[in-house]
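There are two complexes below, and they share subunit A, which is joined by subunit B in the first and by subunit C in the second.
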Partner chain A sequence: MNYRKLTLRSLTKHAVMLALSLFAVFPFYWMIISSFRTEAEMYSSALWPKHWTWDNYADVWRMIPMLDMLGNSTAMSVAQTFFQLGTAILAAYAFSRWTFPGSRVLFLMFALTWLIPFQVTMIPNYVTISAWGWRNTLQGLIAPNLVSAFAIISMTQSFKAFPKGITEAALLDGASSWSILWRMYVPNMKASIASLGILLFINSWNEYFWPLLLTNKLENTVIQIGLQMFMSSDGNAWGPLMAAAVITSVPILAVYLMLQRQIVDSFVKMGLK
Partner chain B sequence: MFRQKITSGVLVTFILALILTACGTSGSNNAPATNAGQGSAANSSQGNTGETDKEIVISFYSYILGNSKGGQGAQKLIDEFEAAHPNIRIEGVPVPVADLLGRVQADVATGTPPDVAQLGFGWMDLIANGFGAVPLESLVTQEEWNANFEGFSPKGMELGKYDGHTYGLPFTFSTPVLFYNADLFRQAGLSPDQPPVTWDEVKEAALQINKVTGAEGVHFSGLTPTTGDWIVQSLIGSNSGKIISEDRKTLQFDSPEAIEAISMWRGLVDSGAHDKLNDNEAMEGMIQGKLGMFVMTSAIQGSLLKGAEGTGWELRSAEMPAFAGKPTTPMNSGSALFILSQDPEKQQAAWEFLKFVTSKRGYSIITSEIGYLPLRPEILNEEEYLKDWAAEHPLIEPNIRQLDRLTPAEAFPGANFSQIATILMNAVQTSVLSNADVAETLHAAQAEAQKLMP
Partner chain C sequence: MKTQAPIAVHQQGNQKKGEHSRRDATGQQATRLLFRVISRVQPYLYVLPAVLCIAFWLYWPLLQTFRLSFFEWNLLPTTPQKFVGLLNYERILGLPDMRTAIGNSLIYMLGILPFSLILPLTIAIGTERLGRRAKNTYRMLIFFPMMMAPVVVSVVWNWMLHPLNGIVNQALRQGFHLAEPLRFLSDERFALWTILIITGWKIIGFSTLIISSALTGINKDYYEAAMIDRASRWQTIRYITLPLLSPTLIFILMLSILFSSEWSFAYINVLTQGGPSNATLNIYYLLWVYGFKSFSIGWGSAAAVLFFLVFGLIAGLLTKLSNRYSFYDE
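Showing the complex of A and B:
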């Protein structure tokens, strides 16, 4: 009786989860099949196109410098994620291990900068970057986003959960603060670092207005602006737009799959210890 | 024909002479610009030596550049201009239309505005007063001005004026037309050769289409704020209403004419002649052949044509419908070119660029490859320009006929121009698509928007 009840419950549970995941996956599916539809079939509601075509992908290739844009997006996102993670690890370590004079105020100030919208800092940043002559350059795109307040805050929260006893034992054994960070904190925090990394990467990848402001040529800009080239006030070129969107989402998926492995691995290791 | 060629030949020589003398008299600063008129032969044979080859770079912000629709046409304009002016380089910067104003604002804030920008007419106040746009008359002599704009649509020229000066040179341009599905007309027992002329006829035809074929009857665009208020202004204007007083101090959203015009629209919806979709949905419905008539800017013609070919129906166009006994006042959607550079040398070079893109050759490219109206309409009758093209593209005719009645859309004054337009658009949407009382809604919008006037 109990057994049957359980199956029924888990069955409904699975049915709900299945429905929800279908619901989540459907837009993605629609994007992919739309990218293979011919123009005539673009507005058809059929789940499976009658005629498949690669034309939309060829159009994307012809109309925008896709490789350059992908390259720029990748370089920008990798660099931003790398630096944001690096600075967040250092700052979070300091905030979580020591209470120094003004540490609370300092942390509060970090938290407050997170609340300031981009539109407020946009013009001052633009003026500075222009004065340095960094318009139309990769370093100009990356520089204002080397540090992320959000990353520091969330990393601090995870670091605070690290057992103090282990840190103290290491200190007694003569380990320096530096080596405690890199040999104990970071390896054990892999999961949270990886998940934060995914978030930061997606954030950088989706950045739109700053690159738009800073770059003058399609060759120098990022893929998100490339997508805009298929939209206009007089209607959108849906086929190529969907094809470009598919290409654009591939790296995000790749990063996710890569880091997800990392997360799972670190869980497994933690279980073994 | 022959005579026409002679006159245009004389005209070209005359303009050329004017350019040379104008530049010659305006001082040594403009020396490089002077050489531009003498053609490329001299320059290329000299090689890259000396002062004369000093390159002037003009940055040009445009929302057509780079876009999959019309981007290649825009690039062609630049390429042909550069080929004719070897010492001027145009650095085209593609900026999506939704972000154009923000980007220019940021660049003005850093003190490095673009030299030339393609911007909307509705932003005129900000462009003239906030961005420091150059009054174009100040760049040339009166004779050159007159000679250059001979044959240019006078109504079109009016649109770029603000406070008596021409700041914007009309560039890409279209008017609202009635697109209709000839197949649905035939199925409903209507003659596609006699499209409706007045709103009463539109209503009748729409109801019949809806009854017989089950398709939606008609959609008048302007129910989505992003469409812009020019089309709503067209409707109110066609009922002899004005959206703002002559002295530009008082808004008139709730004038009797405005209320009557919007009530007519609401009546279309209430009777079932008009769908309850937003503009984008209506556009997609039209493309799929599920909508009988669609009033929208002629700029979407290309998209509709492709859709019609894809789904297999015949697209036709007619003039914007009228209120019985009153002439329509079709207003423009589109953009003008503004010179924002403060450097006299660049201003002259930019002026050369503006002149080229709005020349007969320029408009031939704009019309046939980008899809906007030729503001030099005579090119449609000239063999060397668009005569053959026009014969193959009859859809452009109603648009050309409307050019004589073209009326500038009002740009709202002051810093709150954008909010004022949004209030109007929201009020129209509420009036037309909900059960709200039209007069009350417009009264409320009037009161709210008037507070935002300078």
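Showing the complex of A and C:
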């Protein structure tokens, strides 16, 4: 312990930060604790329950098709992450290696997408997907999210850091641009591609608006919408509801606990652009 | 053909060098031409999938929304779309719901600022000199709500704020001996502020992180110079830290103005559905109601176009402001 640092001022700072941290995390602590409470203790305000039970988890598993919804969420998130990464790698490669006629305009086209809120495009997209008969289907959930402008922009920034000398050397050896991308760029950028992938996955997993519009059957929807439907139908089944919320958060909790440094860092990069 | 590849591919990097190597190259003209075409076209091939998707799922629908704003329609494929000119625009501007939604959205916009700007700025500057370990731990904890799904957040807060059994009301009852529990989400006086606090609570960590890392990026020489000049702590913040942070702060201000209504949408939809008696309604929720509750596609589209234009204008102005007044450390 460094006693020099323990001045009154830094103690106050620590106290404030601890209070804020508690404020940030307490709701999730309460969610997890509540999900293990017995029915008798559900309304108790004790911070630590006397008896713990898995009943709430068993109940919610019985009450709504959790497995289907988890499967849909996983399939949707994996597919979206895969396609968003793929299209971003290709586009970022072009933007970072060449200045071609129209490249600025095209890049701007991606950069400006954040000005178009979901609610402005939702009606025409809904009409398109309905016309194709893709409501309540996985492909309907995935199709409008094959590309992420954020992924393209942040990937372009990472790719720009790739040393030009290596590219030139490979060109002299007769490598095609395609093989340069997959043999040199991608292996060397593995770390930033992976952390971008994690962000994209979390984003897809938490996706709410589009599934809300597109799905109305529990078996065909993702876990987020399932949780909401469960809440509005069994509003007072708090134990099972909290268990469902915990199950919904498990992938995020796992990823965050394992990789919190990378996630936080890449979020910062995204914010700073 | 193989031997030609390096030269041909090289041309796309540098056109003038390409001219030079054309004289040296001795291969067939046709192959060379083919390579030239490929090397010219290839950047476009790489961006094509992304461009097509964005155009189809974002820019095309944007135009469609613009078109639909001049029609009357109820979303059923079997009903014809009736052209009504500017009537939708005239109508929506007179609707009382619209005025409530715009007013509430302004409250969300201003109300989010303490959470997205003021508090994070204070925290970031205040904790700048804490130990690295402690700082990272606090950051990780404060950032945590940002990762969680809006629905999960809504469900948890709904449980905590429950009038009878929620922990918050239990604590208030024990601490302040309240006779009546506070109905955070169903009382007109509290609902908007409750949604605002939940929205803000989720965003604090994100803003704090962004501002902290911008702070770390400031050149330490400035602070040393200020110390030599015997500037007070406050003067240092006022004349060095804040000006150098201004691009970041304006960026966060812009995000808050543009997205406060968007961020609160999920909580409104899960927790209050715009109520009680429109108390929590905001513009994006209203678009949702027009589009998929009352199926007045024309109204919804006209409102969407208006908001899009206004927000675009605000974003443009703020970008200009940022470029003019921001003090960049060159």
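Here, the second predicted complex is superposed on the first by the 209 of 273 C-alpha atoms of A that agree within 3 Å, B and C clash if a C-alpha of one lies under 4 Å from a C-alpha of the other, contacts with A are read in each partner's own complex, and residues count from 1 in each chain.
Going forward, a residue touches a chain if its C-beta (ideal position, glycine included) is under 8 Å from a C-beta of that chain, and two chains touch if they have at least 3 such contacts.
Predicted, not measured: the structure shown is a model, and the values here were computed from it.
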{"item": "Contacts of A:S177 with subunit B and subunit C, given as first, second, both or neither", "value": "second"}
{"item": "First, second, both or neither for A:K217, with subunit B first and subunit C second", "value": "first"}
{"item": "First, second, both or neither for A:T137, with subunit B first and subunit C second", "value": "neither"}
{"item": "First, second, both or neither for A:I123, with subunit B first and subunit C second", "value": "both"}
{"item": "Subunit B versus subunit C as contact partner of A:S195, first or second or both or neither", "value": "neither"}
{"item": "Contacts of A:A237 with subunit B and subunit C, given as first, second, both or neither", "value": "first"}
{"item": "Subunit B versus subunit C as contact partner of A:Q262, first or second or both or neither", "value": "neither"}
{"item": "Of subunit C and subunit B, partner touching more subunit A residues", "value": "C"}
{"item": "Touched partner set for A:T53, first subunit B, second subunit C, both or neither", "value": "neither"}
{"item": "Subunit B versus subunit C as contact partner of A:V25, first or second or both or neither", "value": "second"}
{"item": "Set intersection of subunit A contacts, subunit C complex versus subunit B complex", "value": "42-43, 122-123, 126-127, 130, 209, 212-213, 225, 228, 231"}
{"item": "For the subunit A and subunit B complex, residues of the former touching the latter", "value": "38-43, 59, 63-64, 122-123, 126-127, 130, 209, 212-213, 216-218, 225, 228-235, 237, 240"}
{"item": "Interface residues, subunit C side, partner subunit A - complex", "value": "2-3, 5-6, 9-10, 12-13, 40, 42-44, 46-47, 49-51, 53-54, 57-62, 64-65, 68, 75, 77, 123, 126-127, 130-131, 134, 136-160, 165, 167, 170-171, 174, 201, 204-206, 209-210, 213-214, 248, 251, 258, 262, 265-266, 269-270, 284, 287-288, 291-292, 297, 300-301, 304-305, 307-308, 311-312, 315"}
{"item": "Interface residues, subunit A side, partner subunit C - complex", "value": "2, 5, 10, 13-14, 16-18, 20-21, 23-25, 27-28, 30-31, 34, 42-43, 45, 86-88, 90-91, 93-95, 97-98, 100, 103, 106, 109-110, 113, 115-128, 130-131, 143-147, 149, 152, 168, 171-174, 176-177, 202, 205-206, 208-209, 212-213, 224-225, 227-228, 231, 238, 241-242, 244-245, 248-249, 252, 256, 260-261, 263-264, 267-268, 271-273"}
{"item": "Subunit A partner contacts - residues on subunit B that touch it in the complex", "value": "59, 63, 66-71, 91, 93-97, 99, 102-103, 106, 109-110, 112, 226, 283-284, 287-288, 297, 299-300, 302-303, 306-307, 309-311, 371"}
